[in-house]
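Shared between the two complexes below is chain A, which has chain B as its partner in the first and chain C in the second.
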Partner chain A sequence: MYVAVKGGERAIDNAHAWLAEERRGDQSVTELSVAQIREQLSLAVNRVMAEGSLYDPDLAALAIKQSRGDLIEAIFLIRAYRTTLPRFGASQPVDTAAMRCDRRISATFKDVPGGQILGPTFDYTHRLLDFKLAAEGEVDATASAPASDDPVPHVTGFLNRDGLIQQETPDDAPPPDLTREPLEFPATRSLRQQALARGDEGFLLGMAYSTQRGYARNHAFVGELRIGAVSVEMEIPELGFAIEIGEITLTECETVNQFTGSKTEPPQFTRGYGLIFGQSERKALSVALVDRALRWAELGEDFEAAPAQDEEFVLSHADNVQATGFLEHIKLPHYVDFQSELELIRCIRAEAQSAQHQEAAE
Partner chain B sequence: MTKERQTWMGLLARAPEDRLKALWAETGMTPAFSWLRAPEVGGVMLRGRTGGTGAAFNLGEMTVTRCALRLTDCGSVGHAYVQGRDKSKAEIAALADAILQSANAAVLQDKLLTPLQAEEVSRRTSRAGKAAATKVDFFTLVRGEDA
Partner chain C sequence: MTNDAQYNFAYLDEQTKRMIRRAILKGVAIPGYQVPFASREMPMPYGWGTGGVQVSAAVLTPDDTFKVIDQGADDTTNAVSIRRFFQKTAGVAVTERTSEASVIQTRHRIPEEPLREDQILVYQVPIPEPLRFLEPRESETRKMHSLQEYGLMHVKLYEDITRHGQIATSYAYPVRVEGRYVMDPSPIPKFDNPKLEMDAIQLFGAGREQRIYAIPPHTSVASLDFDDHPFDPAKADHPCVLCGTEESYLDEVITDDEGGRMFVCSDTDFCRSRQSHSEARR
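Up next, the complex of A and B:
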């Protein structure tokens, strides 16, 4: 039961003023600018954009500054802002095959056409603290090599050509949108992809890891992981044609998983898919693994009661804003609720005590 | 015309705000116009496809600013839909769109589109060059049993 209480305004105002002071920290240290956060904490910015479900690096950087680096709080701020925006429409599906790749690797084919491009990766670093970064300094110039204009085709395309992998047939039907309609089960794969794309990275990492440890058996190879820029195109009703309205960075992961087959289809590889805003490869990989695990019914696999196979479990708990909202609300005043519990337990104890007295008397 | 217009509208939308504003200022153009739709910030739902080629799904939104205007002199109408929340960027993009459909197109082509195009190519080439420098050349080591 919810009962409004009044009071505490002055305490709240003072708490918020102190929060602002603590956010600023020691004033003899230079204040962070939003541009510095956007440029130098770009992976945090990417995470806030992905889970806030709004591509706008400046807003995400501002949210990180306002939230003192608490990324879930920053995501919450972005989600709240997003609800104030009028919706102009929907883009055409982005063409990830035309991505201008910063990074593109395949763990399945060594000599993949277009090449293995490492990009700006933490992979192969030694994970030793670099104390040079504690001192301000210039960075060394990055090496450059002649780039080719050759296309960088999707790796799954090669397997597709030989019929060795399950096909992904284009479907332009307007997909369900969980920002407009409540999430309902069973969910289509399109709806699951939307929920996973904005889901909590940590939660999805744990779910994906559980599939690797044997909860839902679907051994995954990284067919391809690519990071880069794609153009965003949208049909403009008042113009009657489509135009490019911007450019975004995406991370795409396609996994190649073990076979399925049926009376009509020969054995084929199956696939998992993850597409995430920004450079977010841990998340893209996690989503691809979880996507694959959630496809058990459509691929005719057994339900092994693994958490990662249970779409109601995964999708209902992947959203960190929902989760933290419900979790954290219990710290807000529940005085009336608790008062009723207190009265109840006193009642029960009084009854139990009087029963004991009676027994003793008898 | 549609093809060309798509090209310049895309180029204007992708242009960095500071460069668009600086190059526009250099043209010295200050045409009189009236708003058909004043600049407005909103969201566009971005879509992807499962498996890269399959069913469309909603990936998340992006901030977009749009506006439409009419030039007072020639009546040419310009539209803009540009990524981000910069209303003056949208205004310049719509003005440029209107002028590029008018008799003054050539000037703007030279002073705005050509440099924006060149700068975009240079940005993309520089990034592609850095990526190319991280391309792996594999070679197979001689295996024990071959020795």
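Up next, the complex of A and C:
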């Protein structure tokens, strides 16, 4: 006899209890602390902060712990927390030219004022498993040098002085807020940058890669990639001037792209730009390439119908919290809709079969 | 949730609720028109009812009695999850009885029992745009709605008839509201479409797609069709084995691996109240 699909409440409770047990894993193994995640899985923490759009390493580490290392789940936890927070106001634009750089490289010039600083990078490591780490991960202190007080000007500024790179016009209009207004098209560049900064790293990597392989090809030179700390300042109405409220680490990437000129613009270099929370080089590069591809209309280039040029396509599908939610919702029951499809297909088949019988009889 | 006190009544802050209520009012003023709204991340995933949850959060008051159904049933897992969410964050009374509820959130069904003027039906909507699968671009579909350019939809329905002898859409069957906007009624079976003209107010929330729309009470809602192919709200041609009704939408339940099956009401409250009525009569 039919047993109704009952017991939803008990099933959910039991599933959650089991999930908690699985998250903890073997109890004879020491539990991971939030501080350990924050310090030793810092690039995962950075990704969760960037795509969760909330700069808080401790909360990001907690989210990673709670999500069993599923970073998209962790990003979702952070987003759902972030949306409940009150909004006090907007900071001043951060001054990345004054960044205290841990890493700063240019691929377009051999040497630049302020120097090339490799910093903590995987770039020239050989990807060989370090079996010593399986036993112990203690490291010797690295050599250190006093920080230089020399200014570290933006590399694209040198090109700008000669008029070789397209001038960006400053805009004092308050930027739109993707989290407080619905996304509508066409989007301004600052709105696109917001969406890309929160967008899924893997999706944007694929989009950027597609431009390198000829879908809206626009060869990008890394004019500059810099990672470091900047001060965040906010104007306090009672004081009437801006004060420093904290410091965040950012990755900034400016690409220099070939441009042969168009009806409206002379031949010159153009720019793509990416600015991401934390050390997130791959993401910053990807955003810069996709940003450049999306600027085809503004620069008078042709629309080649490449995915990375298509603003609606890129912005509507870059958010992994939206994407994963909708993708995974197909696990929910759909038996009402499926039933109506079942009725329909039976009906259409019955009609087709009776038509065939009739033809055979004639 | 151990930190209930940190959240506002029904989870969302009052500013956000005000923004959502404005969108609802606009939707009611323009029946069937999709109003963009700044959807928030909710603590459940997009695609799992966040639009409906935000609309419910914006309309619920402490005196309300709340009911949640998914596929017509109160005890499906996601319905349980959403009902618990509002029990926790709003502390409202909940019920499984359609007639006792003042706000009903639903996914994929309209209750069989006719709703009253003092009730609100909140739909969870996955894809609010009825033209989406004919034209993927939002910038285009908005233009089509403003120009009432619905030819493409009629061509699609016509092609169905030439190919299959009938309109091959069985759920999320498009409707025209008050003679103006073509609207997606959410993935309810087309069996439910005639019920869209009702006494209660109907609110539709699509969280991921950031859209809210509405059908005010007593609004005309016509399922799209042709004079020679009138709309047919078909359902399985069986009675419910539990309550015997021939009027309700049925789920097909597979009972063994030899082709055995049975049909039962998808609306669990409707079925249960019919069963208890017939027991009382005996």
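General observations
Assume the second predicted complex is superposed on the first by the 332 of 362 C-alpha atoms of A that agree within 3 Å, B and C clash if a C-alpha of one lies under 4 Å from a C-alpha of the other, contacts with A are read in each partner's own complex, and residues count from 1 in each chain.
Quick note on the criterion: a residue touches a chain if its C-beta (ideal position, glycine included) is under 8 Å from a C-beta of that chain, and two chains touch if they have at least 3 such contacts.
Just so you know, these numbers come straight off a predicted model, no measurement behind them.
By the document's definition of touching, neither partner reaches A:350: not chain B, not chain C. In the superposed model, A:145 lies in contact with chain B only, and not with chain C.
Legend: residue contacts after superposition of the two complexes on their common chain; A:35 is shown touching neither chain B nor chain C. In the overlay built on the shared chain, the residue A:297 is in contact with neither chain B nor chain C. Looking at the shared chain after the overlay, A:327 reaches chain C, while chain B stays out of its contact range. In the superposed pair of complexes, A:79 makes contact with chain C only, with no contact to chain B. Here chain B and chain C are compared by how many residues of chain A each touches, and B touches more. Of the two partner chains placed by the overlay, only chain B lies in contact with A:102; chain C stays clear of it.
Residues 82, 86, 179 of chain A lie in contact with chain B in one complex and with chain C in the other. Across the interface of their complex, chain A is touched by residues 6-7, 11, 13, 36-43, 45-48, 50, 70-73, 75-81, 84, 107-109, 126, 136-139, 164-166, 168, 170-172, 187-191, 208, 210, 234-236, 241-242, 249-253, 255, 262, 264, 266, 268 of chain C.
Residue ranges of chain A in contact with chain B, taken from their complex: 49-50, 53-56, 58-59, 82, 85-94, 96-97, 100-103, 110-111, 115-120, 142-148, 154, 156, 168-179, 188-191, 193-194, 197-198, 231-232, 234, 236, 238-239, 241-248, 250, 252, 254, 271, 273, 275, 277, 291.
Against chain C, the residues of chain A that register as touching in their complex are 2, 4-9, 11-12, 76, 79-80, 82-84, 86, 179-186, 312, 316, 321-322, 324-329, 332-337, 339-344, 347-348, 351. On the side of chain B, the complex with chain A involves touching residues 2, 5-6, 9-10, 13-14, 40-64, 66, 68, 79, 81-85, 124-136, 138.
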